[in-house]
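Common to both upcoming complexes is subunit A, partnered first by subunit B, then by subunit C.
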Partner chain A sequence: MSNLNINKLTTLLKVQYSNMLEYRVEIALWAISGIIPFFMLNIWTNNNLNESINLSNIMLSRYFLSAFFVRQFSVVWVVFTFEEDALLGRISPYLIQPLNPFFRYFAQHIAEQFTRFPFAIIIALIFFLFNPESLWIPSLGIFLLSCISTFLSFLIQFLIQSIIACLCFWTEKASSIERLLFIPTLFLSGLLAPVISFPEKVKSWIYITPFPYLIDFPANLLSGNKTNMISGFLMQLIWISILFPVFKRIWNLGTKKYTAMGS
Partner chain B sequence: MKLKKYIKIYTLFLYTSLSSELEYKTNLIIDFVTAILSLIGSIFLLTIFFQNTDNIGGWNFQQALIIQGIYTILNGITNTWFNPNLTEIVKHIREGTLDFVLLKPVDSQFFISLKKIAPSGFLEIILGFALLFYCIRINQININLAFLFLCLTTVICSILILYSLWFLISTTTIWFVKTWNATEVLRSFLYIGRFPLNSFSFSLKIFFSIFIPIAFITSIPSGVFLGLAKLWEIILEIIVCGIFLIASRRFWLFALKYYTSASS
Partner chain C sequence: MEQNIIKVENLSKSFEIASKKPGLKGTIKHFFRRETQNINVIKDISFEIKRGEIIGFLGANGAGKTTILKMLCGLIYPSAGKLSVSGYLPYKRKVNFLKNITLIMGQKQQLIWDLPPIESFYLNAAIYDIDKFEAKRRIKRLSEMLEIDKELYIPVRKLSLGQRMKAELLAALIHKPNILFLDEPTLGLDINAQRNLRKFLQIYNKETEATICLTSHYMKDITYLCRRVICVHEGSITYDGSLDKLLKKLSPVNDILIICRSDKDANQLSNSGLMIKNRNKKEITLTIKKNAITSTLKEILNKFDIEDLYISETPVDEIIGEILINKKV
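After this line comes the complex of A and B, so read on.
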């Protein structure tokens, strides 16, 4: 049974990868649109703002480069695709298939990440060309661990967005809720400023929320900055185990509610 | 005569798009909350920057808030007018419906740029103005007629530059068909407009003045508000604005020659 599922998933992955390759230019542009962390790094180092948080220029540039990578491989857009599919009624044929449609979206995301990989590497190489002193090679163990934590971060975001996407069954336009949720993700995840630089008041509660584990934790791990590995992974797993049942429940409720457009 | 016709058409555009947008009322409320949170978020980021320093790039916190205000207004205008219309171009070209636009006895650029309106951006514009007035108070800026005139001129120039940028990029759709992500690149670059240009290193400063004129979009108007801008900067802004407007117009007319409709 699970063998069959793996078969389905690999087929989906192959199909979606060739599909995504068709849109290389699009994905390259998308990769470029993720370079905000580098601009932020420029503000930080150019104004010596990092002195107060005891991070050297080199460590900070590694942090922001890692943040760029983590962001590249944890971008989720499932709600926008799902909304379009639901509004146009394309969901109906998917529902008949003996496979949860979210497998299809999941495969799309993974395939897109593979397509994006070379572009992200090129951007990183350009970055090292300008900042050769910040070049570093993480040990294999750390590299693997940060890959895992990036994937977990992707899973958390994928689950949150899938839950929001399921709201399409009730509200039709769920993407505006996603845009709302994107704001705290943007400012609290560590994409624009490392979480250790946040005011104490914010730091006292932020580690309970999922946000620091989306970018700050994997980026700290990859760049070799100080971070608590055990609690980081633990919190990521806890959030996944909270979100997954919610998603399953809302999916079951939603599909019962679904009536296809025009009926 | 011609102007009257266009004003009449525009009021019709306003009426139709507002009534269709108001169908999604909850959406509107969510967008309002998003706008407020987004402003809080960027002020939060600024306070992090100013935690242990009293200036970045020669701007203190109160002065940097002015840039936030202007950015918020411009972002609201982008969300109200530019974004909903210019993403539509992609759809027109992919589905070949641009034919219908070109056949109408109105200017195609006018039709494409102003057809739709997204009222959720209004709140952002209001928020931006509120922040700006607050900044005028805390920075103790004297308001007089000349000051207002200069502010208005530079802000209008910024809006026009911003429009031209969006329009230029959207026009490339005629060749590449899908430039949805190109506007996303522009969006992420414009994000830099939230911060004073002087806070970046020299090479980025040059980049943001020449290739993507973010310097002209937020920094110079903010300088005018603070009475720091020099006369040549204001004149340069007006010239840049003119160049961009003419370029975007010319580029559109040029691109239309290559339009071949869908599936032909």
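After this line comes the complex of A and C, so read on.
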């Protein structure tokens, strides 16, 4: 299925990075459009909501800035691209190449993250300019662990969307199924509020879903807030190990159903 | 050269298609209960193709030509029957099988739209495990053959349709496939671009002994490249054999215009027992069986004083058009 090696991966990344640079203005706009965490920070601090969860203003602003960064490097849109490619028959040439087409989409996402990087840094610098008290430099170890957890968060989201994307082989509008996940992702991932702010009973349920490991866990790790590192990483790995075989299975079943419409 | 590289036995393919009656009633009914019907697109077909052959698939739109190609290259699963391409079951999409084939669809592209084609070529080279040095060599060779060496560094979106099609071909051939599936490769190209593409495919076939399965609505593609054709009508094979034989079978006669020097000769020729299609004073059009042309003409030239004569061939397009309309060949 994969047949991936270093040469293929680096060439894919290089080519997709060149391609993404063609869309640099669009990507800058996407980066700017991801500033929801800053709005949420404003709402939280202006209403002193942070007092209820024993989090200082500084720690909360660091959390939301970290959430912004995690979001920037874990955004996934594979379901929309795949759906369009499948409906228009554009995946046909890729299906008969000795490389699973999802590696192309994967490389597109990684290349897009590299393209986003400078814009995200500029937005962060502007943030620090207005909130100099929030400036912090995480230790190298924490920084690396945060990068890994952000990448794992990206992998979880990529796999979830890829599974939904494969439903294109059965239903023509798989992206509408993805929209069902939008609300739980928004509320339970920690993008609007740290998961710690939820009632204890609700929290115990949330932590067994993949959502808090998408934003909340990596953002808490990067911002230096209290978090259970071992259980966080463990849950991320467990979700990946559940989702990956599901994706493989649905991919194998789906390609049997493929009718190569539009080609 | 004689080995069968493609074997197809009792192959069928059916699709489940939702059908909806017109009007509001039909829409509401369709909303609550989808009616589907099974359509047999390919019906129990069998054929074999030898290594190095160029085969043309002929048939009207929707006859099933493209579906056959899609099954042969492994893009879609067959519903029933046996299928073997280069010793592999195509739909299993094994790496070694995929490295052996290519599919080119005239109306579809695999090149990255915003980048120059050279980027897509190197990407394809990496996907097919071709090292950079070898990829460079193949790109140089193929771009010279296709005459697109100057367009390699121009973004695909800026290329003309003909240049883009050549680039698509290069991208599809960089891994030196042994079997080429071409679905209307000259679609939308101008006459020169069509001719160049045909020439290229002929040279490629000669140089590499690649097997080529081709569908096209341009009869020149078929007559220039294919000795053997398979006619498909509503999912069934109606003819499988030599193109020459097919043309003779469908058009067994020729029209010959004979201009006599005198009215006397014209009158005698009219009454000679030959099949007269029409007569205009000294100009007589005869219909003669292809296998009797030489002997009949010899006789006419010996007996009558002839000023001039013209042999007209029925255009291939017209003959093939018959195949598209009629079920039986």
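In this section, the second predicted complex is superposed on the first by the 257 of 263 C-alpha atoms of A that agree within 3 Å, B and C clash if a C-alpha of one lies under 4 Å from a C-alpha of the other, contacts with A are read in each partner's own complex, and residues count from 1 in each chain.
We take it that contacts are C-beta pairs under 8 Å (C-beta built on N, C-alpha and C of every residue); 3 or more make two chains touch, one makes a residue touch a chain.
Just so it is clear, the structure is predicted and the values come from calculations on it, not from any experiment.
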Does the superposition put A:T171 against subunit B (first), subunit C (second), both, or neither?
first
Tell me which partner A:S139 touches in the superposition: subunit B (first), subunit C (second), both or neither.
neither
Could you tell me if A:T259 is touching subunit B, subunit C, both of them or neither one (first, second, both, neither)?
second
In the superposed arrangement, which partner chain does A:G89 touch: subunit B (first), subunit C (second), both, or neither?
second
Touching partner for A:S197 - first (subunit B), second (subunit C), both, neither
first
Quick one: subunit B or subunit C, who's touching more of subunit A?
B
Just subunit B (first), just subunit C (second), both, or neither: which does A:Q97 touch?
second
Between subunit B and subunit C, whom does A:V25 touch in the aligned arrangement: first, second, both, or neither?
first
Could you give the residue numbers on subunit A that contact subunit B in one complex and subunit C in the other?
23
Subunit A partner, complex, touching residues on subunit C are 15, 66, 70, 73-77, 91, 93, 95, 98-99, 101-103, 105, 107-110, 112, 114-115, 119-120, 122-129, 172
Give the list of subunit B residues in touch with subunit A in this complex.
24, 26-27, 30-31, 33-34, 37-38, 41-42, 44-45, 47-49, 51-53, 56-57, 176, 178, 180-182, 184-185, 187-188, 191-192, 195, 199-201, 204
Residue numbers on subunit A that touch subunit B, as the complex places them:
23, 25-27, 29-30, 32-36, 39, 42-43, 46-49, 51-52, 171-173, 176-177, 179-180, 183-184, 186-187, 192-193, 197-199
Within their complex, state which residues of subunit A touch subunit C.
3, 5, 7-8, 11-12, 15, 18-19, 22-23, 89-90, 92-99, 255-256, 258-260, 263
